[in-house]
Each structure stands twice: as structure tokens, then as C-alpha cells.
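Note sheet for the following structure.
Each chain gets a letter, A, B, C and D, in the order it is written, and its residues are counted from 1.
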Amino acid sequence: MILNGVEIEDTFAEAFPMYYGRVVITAATRRWALAAALEAKGLGTSSTMKPRAPGEAGIECEMKNVDTPDGRPGYVLIVGEMKKEEIAYYLITRIRKGAFPVPTTSAFDVMPKEMVVDKIYVKGTPLQTFGDGFEEIVDLYGRSLYKVPRMDGFFYVDTQLGITRGVAGGNLLIMGESQAAALLASETAVNAIEEVPFAFVVGAYGAGPAGSGTKVGGLVYKDATATLNHVYCPPIANKAKDSKVPQGVNCIYEVCIDGLNLAAVKTAMKVGIKAAVKIEGVKKITSANFGGNLGTTMINLRDVLP
Amino acid sequence: MILNGVEIEDTFAEAFPMYYGRVVITAATRRWALAAALEAKGLGTSSTMKPRAPGEAGIECEMKNVDTPDGRPGYVLIVGEMKKEEIAYYLITRIRKGAFPVPTTSAFDVMPKEMVVDKIYVKGTPLQTFGDGFEEIVDLYGRSLYKVPRMDGFFYVDTQLGITRGVAGGNLLIMGESQAAALLASETAVNAIEEVPFAFVVGAYGAGPAGSGTKVGGLVYKDATATLNHVYCPPIANKAKDSKVPQGVNCIYEVCIDGLNLAAVKTAMKVGIKAAVKIEGVKKITSANFGGNLGTTMINLRDVLP
Amino acid sequence: MILNGVEIEDTFAEAFPMYYGRVVITAATRRWALAAALEAKGLGTSSTMKPRAPGEAGIECEMKNVDTPDGRPGYVLIVGEMKKEEIAYYLITRIRKGAFPVPTTSAFDVMPKEMVVDKIYVKGTPLQTFGDGFEEIVDLYGRSLYKVPRMDGFFYVDTQLGITRGVAGGNLLIMGESQAAALLASETAVNAIEEVPFAFVVGAYGAGPAGSGTKVGGLVYKDATATLNHVYCPPIANKAKDSKVPQGVNCIYEVCIDGLNLAAVKTAMKVGIKAAVKIEGVKKITSANFGGNLGTTMINLRDVLP
Amino acid sequence: MILNGVEIEDTFAEAFPMYYGRVVITAATRRWALAAALEAKGLGTSSTMKPRAPGEAGIECEMKNVDTPDGRPGYVLIVGEMKKEEIAYYLITRIRKGAFPVPTTSAFDVMPKEMVVDKIYVKGTPLQTFGDGFEEIVDLYGRSLYKVPRMDGFFYVDTQLGITRGVAGGNLLIMGESQAAALLASETAVNAIEEVPFAFVVGAYGAGPAGSGTKVGGLVYKDATATLNHVYCPPIANKAKDSKVPQGVNCIYEVCIDGLNLAAVKTAMKVGIKAAVKIEGVKKITSANFGGNLGTTMINLRDVLP
């Protein structure tokens, strides 16, 4: 399929299930709310290192004062993890280590009720025990909240945080005639996806386009968990016998997309493609997959486009 | 001691040794270099969660094009960890997961030679094995570098990264008559410390002042690794029998300081104090310590001031 | 009236009519759109210098890709001027000098139709004549646009830009026990007002709170167009015989609000007050006026609050 | 001449004299200092509109606490104007309208003594008369300063501001095979030039690369002050008979450089070229000139390169 002169390959992304929590980090000013959300999503890019430290995370969107529980500026943080038994740990860790220290913050569960498949109980976690008995449960903003004392005031957090079972592995490979072309196109794609509810680009709100496409395992380093996706690696296209880098393509960026549900990921891939093809020098867009062996859901590019 | 009308308590911070790596993250533009450094230092605030994920990290300073090995814009990232056997893991993880995916980046060792106490070998780590045999060692910029292919070009990283044994635990508790006063004073302190070579405020370049002062263990939650430092917690000052919150103090922020050596941490504490006392509404400045039981070096506030 | 423990004085802001244009500046990426809007609104704070260079201007809000005419990221720029014969000059100048040079930009009229009281014709202005005959009029996005060649592509701008007759002079004086308290409260007020459609804080998206409250003319410098509003100036409260600075107030910031209509300004003042009183150390909120001699509309604080 | 595979045309930029003031804007925190400097340099891009509102301006660099007169964070603002009788007006206006309203600011003269050719006296300007008799002259930081009361404290500004006679008109035209390539290369050039003392890119610290190259007057619109430089305009290269756009060039950005002296501008052009040629897809770099008729100093590209 050709869109604005750019070939969209008839292939698929390979999505797999992921557990997610979704909280809004609020603060006295928009600036501190953003600082806290950025710190909490930090080091949240996908990685195949073991142990996978510390899960995937991203900022979905800004939330306006009028929409947050406490009427203050906020940013929506999504934290993801494949294993159900670990999502609690990573969600609590990111709130405790990322948002909690930042001045004036609080954190509220904003997982839509109809998406909730499980609950995390804050009781017994470091967020609650931080209070060392000085914390209380209060009813506020129509919620049951822990009111945890901190040197600069009180940190509020829901006693329960909703968990959903969403989708990871959405992705676009944006191929350009030059690094600059692939980069500008990828950034326009990331900007467009930032507007899609319930989805986020891994690394966005800061970075976003990724140069580090991987494959499972290694050809040479057989013990490696993951190595470069050498078939889509322009700098070594002439060395890799099974290279799929098209003629004239000198750079590729991957836009990795997670979402609370499949629809959000599909919409994100659609708007990403439509934004990227506007940029001169984009040669082709495809998706990385693993032959259908890894994922549980195939997202066909021809299906996400109108 | 009184400085600009503010009491500086005659006490000490309790410093302890930490292993650190120091690399400069460079990129094609200053903006992408900053994006990569921020992602790499993300979730790098101190935490007493177990497992301590994923070490401490901070941005020390901007590095100019003319000073970086590849002549591109850069930011100096410091990664710290208490255990020697783990510093390699955390330093490599932060580079691999934080900086490596970000467009156009490279990472170079900038640990001053005279500070090096140990070396990390990149060989065998995910940074090297990512190349799956397509990576090479090259001599460039007077260095021995891995040249690792990535979808958008090559990532360069030294084959060895220097490690030093520095100091953690420097800190200031900045006490204000209001949240606003303590916050503004803490931010001025953080800004001043950002200029000190070889030191960094945990959380700075984004956040910095921390509301989350802790003590070791818990009174009520005896199994907790750490809980609130209840003696310095204004919101519960009237509930904590051993509270040390002075009359008229309603908010405290902690500025946590790490450094590659003791001198850097002392200088940082000095300039931080001198900046903070300029702000109206600051009532007192002190340091948190644990009675001298935890640390190995006591940093007396009266010694850091002139 | 007392709100959250803070006195809201029973007084009024003195509003006067202003002509406004409203355009959305778009670009290939959100970052360049913001850069262009910031440059275009630059030096747009109120000033009583003669000649008043170069009018008032501000960023009202972010506009999403899905809402802009060309489907790209955008920011809404409002340009104001008291004299009808000059609004065209200032609006065109800000687009030409601020947005036009910035990479990949375009500018589209987004004045709501029902608000339009006049039109500016781009024909004959430097925006059109820049094309030196190479520009064309095209129908695109359901609009009649000038398509002006530039070294990096084409700049699109509507052939006509709508002008409305709105309101300037909305303001809050936020009084704090300290500089820090007044500043934090003012920033929360500015953040809240940034969410109000059709209104903007002069200087916001960058700065916002203003320390430079003025009165018309001068007592000592009789030829001055404007001088400090000495009755609301804490640093000289003990020198100014007619000072109205309340006991315990040591700092005041003004939040100046312009809007496309009176309702927007009133809403902005309301949400600003409600946000500011949340901050500890705010002592009183009032509005500056000139005894009703300057403005045409009095905005009573008791009317804007519920 | 060929540099890294890119043709550097053997031509010249046409520089002309400009009067400049140089002040450092300081504030309580780095963030407010930057906000003030950005507002003060706003709408400071070159423009050939009449009246030229409001002069050229840019941020030269960050200045550290340890280097500013008041020991606070600062940014160096340069304001330029061709006419000596107007530089005072524009410099004072930018300080008064841009920096003065922003919380906690002050402004200090940082023109190197040996460069001073004239002085601006603040006495009698709106910066002084703002005080309405409450202002004083004080000796502080080894300077003679006006101490002007403002609602949030005192604004300090030197009683005299040094003026130099520097150079404007330095420029690079960076030609790319695509918009993305020209843009990325221009941004790397701007980043490199930001490190050059006493020089600044017009529009930098925010934007920088300009798509709006002009010629004096117009072919079709003979009354126009300036119109597009149609010989260097890729979008109309096939329509302009005297087009000089090389084959394969689809986008050009101009980097405009001002400096306090000729050496700074030459250095800036040199480092800009050397940075830009590193980016893949750059085809050629040249400079715009007017056949030597406009400027007083020709800056040959072959002379600025080593």
C-alpha cells in the first residue's frame, strides 16, 4: 500500500499482553507535576536486560486541573510489566522512587473502571509503611486515600490502584533516506501518538524514537537475551546476508507503542503512520515482528489504516 | 552559627562510600543529548526499597562540544552504587536502557584518571553483545571504542569505563516558615550545587528538592527498610514525641548530594547553604544524620562554611 | 470575603476594550510549533512605554493535531492592541517576525466566527509581499490561503484574519507573607488560568506572575507615562504615605489577564483566585484599579466568585 | 572547497556595523532567569519591517552564579540596533518590558570594558522613573546601581550600560537534500555557535534556523522593504530564472549571526560550518550577500575555515 508516496509494507506488529497501572501524578504547579512524572517514568524504555529493571513506563498525557481528583495540574503515568506478580512492585516503586520525593506531589488511580482486571493494595507497600504509623486513611475527593506525612506536607494516594491487561509490542519502523529524515518523521509520529488516549510511545515525553531495534537472542552471542535486529540495520546492511533494508534507506527509527487496549495501540499506529508519511525523505514504513512466534495478537498495518 | 539571619545547626551529615561511574552522553544536537541523559538518570533518586532499583544517578553538568571526545553536545552522567559487584550492572544498564535507544547518541568515559580505582569492561555486557558480532573495536578520538551498529548509525562507547570510590550521603535539610519558602530556597541551593564539579544533587536536572526524608527502619513497621524521618516532619510535629521541628517551621526539603570525592560534596554543601539563606522565610538549615552509626565520614556544617 | 482563610477584597478590576487577533501557529513537530509561538508572543507583556512596542501578546493554549487546519501540532497565539488602526500592524508583525522565520511553520486564523468584528487583509502586508510574486492564493483545508514560498518550503496563512473586540485589564494582586509564597501562589493561579479558553495571562508560557505593577503617570516624575503602583509596593510600604500593603504582606505579584470576551476574563480571575488561596502564606488577594476612571467595565471580585 | 564531502562555496557574507548592549539578567533561580531572558529577547529576529520593531536581540550564553555580579543564576542578553540614537531605546525597552516584570530579576552591564564605545545612562529612562522617586542609587557589588522598588522586592540595574560597535550580517545558508537534513544540520550549527563568546544566532535559545531568507526590495513589489531571496528558494527554483539552488537541494536554512566583534562572528561561522557538514544529506553551504553593495565588511568563507 502506498500512502503519500510512501510504501507501507503489508506486514504486522506482534503484540503481546502486558499488565498496566495508570495513575495521575499531581502537584502544586504544572512544572512540578511534570518533573515528578518524568522522574517516575524514567528509565522506562523497553529492555531485554535481565533482570528487567524496572519495567516499562511512559507518560500518556497531560491532565488538566479540572480533571484531576485534587484539582491540581497532573500528568498521567502508565507503568507496565509482563508478569502479574511483579506489576505491583514496579508500579509502587515508580510512584515511591519517582513521584513521592518530588515537592508537593500526590498520585491518584485513573484506570477506567471498566478496564480494571485486578487491584493493587497499597497497604503493606513502602508507600504506606513510609508513614510509620503516622499515615491515615481518609475519605477525600470521593476516594479512599492514604494520607502519608512527608517533610513538606501530605502525600495522598489511593488505597487501591487498578490494573488492566493491555497490549505491548505495537511498533512502527520508519525508514528514511537519511538519519535526519527518519528522525523528523519519527518525531512527528510520536507527537501524533501523544494525542491518543490510553496509548503511549515508550520513551516519549523526552525522547521517543528509538534507534535500538532488537531481535530475540543472538546469532553469534547465543546466550544474549536480545541483540540488534540485524535485518533492519542500515549501517551493516551490506554485511548481513538476510538484510531487509531497502535500497536508498540509510536510517531507521522504531516507535514502540504500548496501550491499555488493542484499539488504542491500533489508533496510535494509524496516526503515527499518517503523520510520518508527510515528511520528505521517508522511504518506507513497516513493523517489526518475530514471525508470529512471540506475540499473541498480530496487528496488520493494512488493518490499522483506513 | 548564623548566616544571613538563618541558623545553621552545628551538626553533621553522615557520608558513606559509594562506587561511581562517570560518562558523557553525546548526540547530534544538544536537545537529544539532554533527552538521553535525562532518560539515563531517570528513577535515580535514592531509595531504600529492596532490591534497590536501579541505583542512584544524576546529571553532573552540561559538557560543551569543544570538550567532548566526539565534538558533539553532551551531558555528564554519574551513576552510583554501594556494592562494587553491582556498579557495573547499573552503569551498563543505565547506558543501555537510557542513552542507547535515544537517537544519535554515544557514551564516553570521563572519569578523571587520577580518580580511577577500578575499571568496568564493556566486553560481555549487553552494550557489546547487542552488536551480535557486527560490532568492532576501533581507535578513535584517542580512545579504544566499541563501534556498535544500531538502526540509525553507530553507537560508540569506551571498551573500559573508569570507576571511582566516592561519597554519598551529603545532605541539607532546608527548613522554611512555609512550603513555598522552603521550596524556593531549596531550588536556589540546587541551582548553586549544579555548578560544582564532580558533585550532583540526587534528582536534579528535573527535580532536586526532596520531601521524602527517611530514617533507617521503622518504629511501628519494624520490618520496613526505611520510613519517614519523623523527627523532621512538620505535618506531624505535634504527634511525634521526639520531634525536632523548630517553632515556626512548617516545611522542610532535603537536598541530597553525591560526589566523586569528599571535597566536592563539601563544596556542594557550602554553596547550597549560602544560596538558600538568601531566601526570605528560611528559618534553619541542618543535616540529617543517624547519630554517626551509619556513615563512615562526618561532614560538619561548621567545617564546610568559611 | 474569606476563601480558604484568605481575604478576597471587595473591589474590582478595571477592564477596557482591546482588539485581538487569534491565530494558531503550526509546525512539523510540536517542539517547533512551540518555538515559533514563543518567539511570536515575545516581548508581549503590557507596557506603558511609548511607542508601545509591540502590543500585547500571549499563548492561549496548545492545539492538538486533530484540531488544527493542517493536522499538525499547534499553539494558539493571541495578539492585542488598543487602537484599531494598529492591530493589523502588530498582528502581521508578530506572525512575520516571530513565527514566519521558524522552520516548517504556518499560521491559521482561529478566531471564532461569532466573535469577528473586523477582518485584516493579508494582501499588501509583508506576509504577502514577501513572496515577491511567487506567492499564490490556494484553496486548502476549506480555506482561502496565501501559499508563500520560503527557503524551506511553503508558509500558509489565511488571506483574512478575524479581529474581535475583547477585554484587557483583568488582574489579580496576590499578596504573600514572603516572596516565595506570593510567587508559588501566582504560579498556581497562572497554571489554572492557562486552562481557560479565550483568555491568557500576559507573559505566561514562560513567565506570568509580574512584579511590575504600575499606576498611570507619576507623582514625582510627572511626565512619566507610568510608574510603580506605590500603594501596593511592599519594599517601600513604610515610605509611601498612602500605602495599602496590609500588615504581614512582604511581596505582591500581579497576574494580568486578557481575554477575547468579558466572560473569559471573569472565569480566568475566578480560577486564578481559587488556585492561589490553596497556597500557604497567601495573605490577601485584590485587584488593581484606577478608581474607575480608566476602564469601561468594572469586574467585581465578589461577582467572579461563586 | 570540500569539507567532509560538502561543498563550501567560495563566497562571502556581507557584514555591517551594529550597536550592541550586553547585560546579564539574573534571578533567584536559574529557571526564572531564563524566563526573563527569553521574554527580553523575544521577537528579536531580524526583520526588514518598518518601523523595525523592536531591534535584534539574542541570548549569548548562560552565566554561572559564580560569575554574575549578584551571585545568582543568569543569562547574557545582547540587544542590537543599527542606529546609535535608537540603541538606548531598544536596550532599555527590552530590559523594562522583558526582564523587569519577571519575578526576582535584576540586570547588570557585562559589556567588556575594552569594547565600550559609548554609554547609555539609565537616568531619565522608564527603568529609573518607574521608581517615582522611591528609587535610589546604591554602591553594591562594586557597581553604581539603581535600586528600583517593585512589588516583589528591588530590581537592580547599573546606572550606565556599555555599548559597543559590533558586527551583524554573519550568516550561513545550509542546503540539504531534504527539509529534515537541512534542519538537523542547522540545529547542530546553532548548538555549536552557542558556545562562541560574544556571538549569538538570531533567534537561538528557542529557535535559530531561519527559513525566511530575504533580498533587499522586490522585483514585483517594488515598494517592499524586503522580499524573499528568490535565488536561494528551492520551492520556486524552477520558476525563478536566476535561481542558484543546486541540483538535489530541496531545502535551505539560514543561520544568522551577530557578534560584538568581527572575530566572534568569524569563529561562529567556522564552528557552524564544521558542525553542519557532519550531518548526512547536507549538500552545500554558502553565505548570502548582496554583491558587496550593502555591507562594509566581507567575511570570506575560505578565510573563516582553517
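Assume a residue touches a chain if its C-beta (ideal position, glycine included) is under 8 Å from a C-beta of that chain, and two chains touch if they have at least 3 such contacts.
Owing to the predicted nature of the structure, the values given are computational and were not obtained by experimental measurement.
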Chain of greatest Cα-centre distance to chain A: D
Mean-CA-position distance for chain C and chain B (Å): 39
Cα-centroid distance, chain C relative to chain D, in whole angstrom: 26
Chain centre separation in whole Å, for chain C relative to chain A (CA means): 35
For chain B, residues that touch 2 or more chains besides their own: 28, 179, 183-184, 251, 279
Graph class of chain-chain contacts, one of line, ring, star, complete, other: complete
Chain A partner contacts - residues on chain D that touch it in the complex: 176-181, 183-185, 250-251, 279-281
Complex contacts: residues of chain D adjacent to chain B: 28-31, 64-66, 72-73, 184, 187-188, 191-192, 194-195, 271, 275, 278-279
Chain A-facing residues of chain B, complex: 28, 32, 35-36, 38-45, 47-49, 53-54, 93-94, 96-98, 100-105, 126, 129-134, 148-155, 173, 179, 182-183, 186, 203, 206-207, 209-214, 218-221, 224-230, 232-236, 239-240, 251-254
